[in-house]
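The next block holds one structure in the form of structure tokens; read it before the comments.
Chain naming follows the written order as A, B, C and D, and within any one chain the residues start at number 1.
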Amino acid sequence: MSGLSSGFGVWNPIAWALLFVGILVVSFIVRSFGNKGYKRGTGQTKVFLSGNDEPETSNGLHVRGDHLYWGMIDGLSAYYRRVKAWHTGILSDYAAWFVGVLGLVFVILVLAR
Amino acid sequence: MNNNSMSVIVRTVTRFMYGLIILFGFYVIMHGHLTPGGGFQGGAVVASAFALLLVAFGSAGLKGQLNLHWLQSIEEFGALAFLGLAFLGIGTAFFYNLFANSGGFLFGASVPTGSNAGVLTAGGLVPLMNWAVGLKVMTGIAAVVIVMLVGSHKEETE
Amino acid sequence: MTALTLHAPILLVALPLLGAFATPLVGKLGKGARNTLIGLIVLAVAGLAAMLAIDVFGSGGIPTVYELGGGTFTFPLSGGQVPVRILFEVDGMSAFMGLITALIALTGAFFSFSYWKERSGGNLYFSLFLMLIAGVFGMVLTGDMFNFFVFLEITSIAAASMVGFRVWLKQSQEAGFKVMAMYTLSGLFVLLAIGLLYGQYGHLNIAVLARSIQGSLTDMVALGLLLTGLAMKAGAVPMHMWAPDAYGEAPAPMSAVLVVNSQASLYGLFRILFTLFGASISTGTVGWILIVLALLTIFVGVTMALIQSDLKRLVAFGAVSQIGYMLLGVGVGMAVIATRPEYGLVAMQGGIFHMINDAACVGLLFFASGVVIRAAGTRDLNQMGGLGHRMKWTSIFFAIGAVALAGVPPFNGFASKFLIYEAAFKLNPFLAVLAVLSSIMLLAVFVKAFQAAFLGPRSNTSAHVSDPSLGMMLPMAALVLVVIVFGLFPGFFVDHIVTPAAKALWLGRDAYINAVLGG
Amino acid sequence: MNIGNLPFIVAALLVVLGLYTFLFKRNLIKLVIGITLIETGVNLFLVTLGYRTGGISPIYTFAPEAQQMVLPTPQALTLTSIVIGLATTALLLSFAVFVHRHYGTLDVRKVKELKG
């Protein structure tokens, strides 16, 4: 009843959840084998930033929205430059794209007939 | 007179004409089931009389004559009346024409086939719906015209 | 069949319409009376939609026909009769869309009662809300082409008014003009196509047209107009640019209803492709047109969402990309309908199942973003932060909606996307690769939004916020419940509501025609 | 060429002219005019569909006997379309009024705060 079969693949959320819990239990067991010498409040818990000191902030540091995925967006900058220029926000362009797609669909449909 | 209103010729002709225009609009609504026209067309004609008044006398000249809240209330009433009339026939089906050919006094006369002189008391729910639509359209378009006029005037003064 | 079920198709349209006209009058009595009326209407509509769905799904694929102003004919007709009155025809797909609309109408109305409590223009807001609901119900239930156009325009006018009725907001006026202009353009081309079909066959009823359609050159022109017009109103790239403007500028609960409106246009597109034209078109070509539109929509929607700094615009681009998954699933189904391999129906199931999942997740995200924007006092993600300290439930709801929409197991978005991936992979592995990749990027998009809005240290702006009142929490919780239940028991829902809907489109053309015209 | 086809050509011309206006004019009011031009073209197309040569209007009040009538359905469709067109045009013009109030311009190329 809960499972989903596509004829060549199977997805069962209940089985998945049981597996998830099982792996969680196993990982806790593995974790319990770990080194017991861990101490809070010593050098072990200090933030390690390539050996540099942690920067001082008055009330904590918040990574703002635009700072996330900076590298990825920068890497795709060639694509983003084009696609941003494409979204001009001008109503005439919206309509021009509509008319363009309409013409293309006409050509394809008539050729395929 | 305020400076929004137009020349004395326009105002005089408007005073003479607007009653006739409204009368013609009501005629078109009333005969909607017999002649070309109906609720929407008649309502639009009546609303054009309001528009004529607004143009001739300016929005300030008509202050208090056409109350926007009343117009909107009548518009809602017209729409509700239309839907209510459609609901009347729900025993058979929505929009079922309950009164047609019933012989009753409410537009229940039977409709002759072929060419005829027109029976005003025939049509069942259709003439009533025409009136509901007519009410909605005349008040609705009048409200739209007033809102647009007031809106554009405010802009000039600001 | 009870009398209520018999009249359910028209009541679903008439009751919200009645509410829309009565709201300004009842609103004069006070907010309590108005909210009671609207609450009763949406509850009645939800009940009727459920009754109709149970009736249609239980009938074994035979559509229900309702004749407006009827009483003369019994359906199916016999002996070459053709219907002249407007018909409402409800098959599995229509009933399924009715369920989606009812879900969002119910949660949206009750969310709005609290959300719009202290705002002005409440009468107008709820009036437009109900009119939009009535229009969407009309679009999905009607069996008449011109009637479809009328309801399409009702939704257009109500939706555009909804985007721009707050005339004091600068950008909402720009969005309103753009949306109305684009909707009108699409509506006029749809009307032109309906005129072309009427001119050839002399009928407007979908079943009659479907039986007589030839696939002539004029038909192809009509198909092109209908396909492009409805795809634009659904927000398919590259005709999507109005969509983020509209979703972003409308009040938050209304954005959810606008997404359902887009889905109704998508429904119209599917109805026209599968039922009206059916085998008289080159299904492979049309299927691939849909697939190309779908891929563009998925990819451009997701990548544009990634660079947004306005929370509602970000969610709006996410919603645009999800339209692409529905198009992909149904496009794959269309492309292989002539050969009918077993994965065609799976693709249809995925695409259609994704509709209800998308409505629930996107609705949840828009509700939550409305709450967040109101609490933070800004829509700019760069000025938010730390809201999660005081808004625990809202952040949990937002997170659940986000991961479900991004297709993370075990939520409902994964269940439908799983079916789409599998079927698309069978047709062409590249399709599945792009779909999976875009899903991962969508997760990144929502990680960004979640991090920017809810995480981070407490700040001055986030110190005085709190979770919204119970009136807003309960509708969101209801959608979360839908997300989780659909995610944990996808098999049940696919078997009982999605498969009848998919079969109504995929192989149900003859049943649709015969329900009106007889065998 | 058949004279009966002339209305179809006019309808097509109106649609094309409307599209041209919508795509290439810069004033928002002119865009609305373009939309109404397309609408007029579509309406003309619909009403022409129902025309029969020598037909009279499909109303029986004082109708001449035994004469062919034009089809009433396209006229009903056209009327509905006109009603809808009234609502959309009013809405678009109202939006144009408020866009002008907020932006101080009606140039479609300057009304683009929502982009990207």
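One rule holds in what follows: a residue touches a chain if its C-beta (ideal position, glycine included) is under 8 Å from a C-beta of that chain, and two chains touch if they have at least 3 such contacts.
A quick note: this is a predicted structure, and the numbers were derived from the prediction, not measured.
Common neighbours of chain B and chain D under the contact rule above are C.
Chain A and chain C have Cα centroids separated by 25 Å. Chain B and chain C have Cα centroids separated by 36 Å. Put simply, the C-alpha centre of chain A and that of chain D have 47 angstrom between them. Chain D has its Cα centroid 28 Å from the Cα centroid of chain C. Shared interface positions of chain B, i.e. residues touching 2 or more other chains, are not present.
Annotation for chain C: residues touching 2 or more other chains are 177-178, 181, 185, 245, 304, 307. Among the residues of chain A, those touching two or more other chains are numbered 84, 87, 89, 91, 95. The set of touching chain pairs reads A-C, A-D, B-C, B-D, C-D, using the touch definition from the header. For chain A in complex with chain C, the touching residues are 1-9, 11-14, 16-17, 20, 59-66, 68-69, 72-73, 76, 79-80, 83-84, 86-87, 89, 91, 93-95, 97-98, 100-102, 105-106, 108-110, 112-113. By the touch rule above, chain C contacts chain D in their complex via residues 146, 150, 153, 156-157, 160-161, 164, 167, 170-171, 173-178, 180-181, 184-185, 187-188, 191-192, 195, 198-199, 204, 244-245, 248-249, 304, 307-308. Residue ranges of chain C in contact with chain A, taken from their complex: 177-178, 181-182, 185-186, 189, 215, 217, 220-221, 223-225, 227-228, 231-232, 238-239, 241-242, 245, 281-282, 285-286, 289, 300, 303-304, 306-307, 309, 342-343, 346, 381-382, 384-386, 409-410, 414-415, 418-419, 422-423, 426, 444, 447-449, 451-453, 455-459, 487-492, 494. Chain D contributes residues 19, 22-24, 26, 31, 108-109, 111-116 to its touches with chain A in the complex.
Partner chain C is touched in their complex by these residues of chain B: 72-73, 76-77, 79-80, 83, 86-87, 89-90, 92-97.
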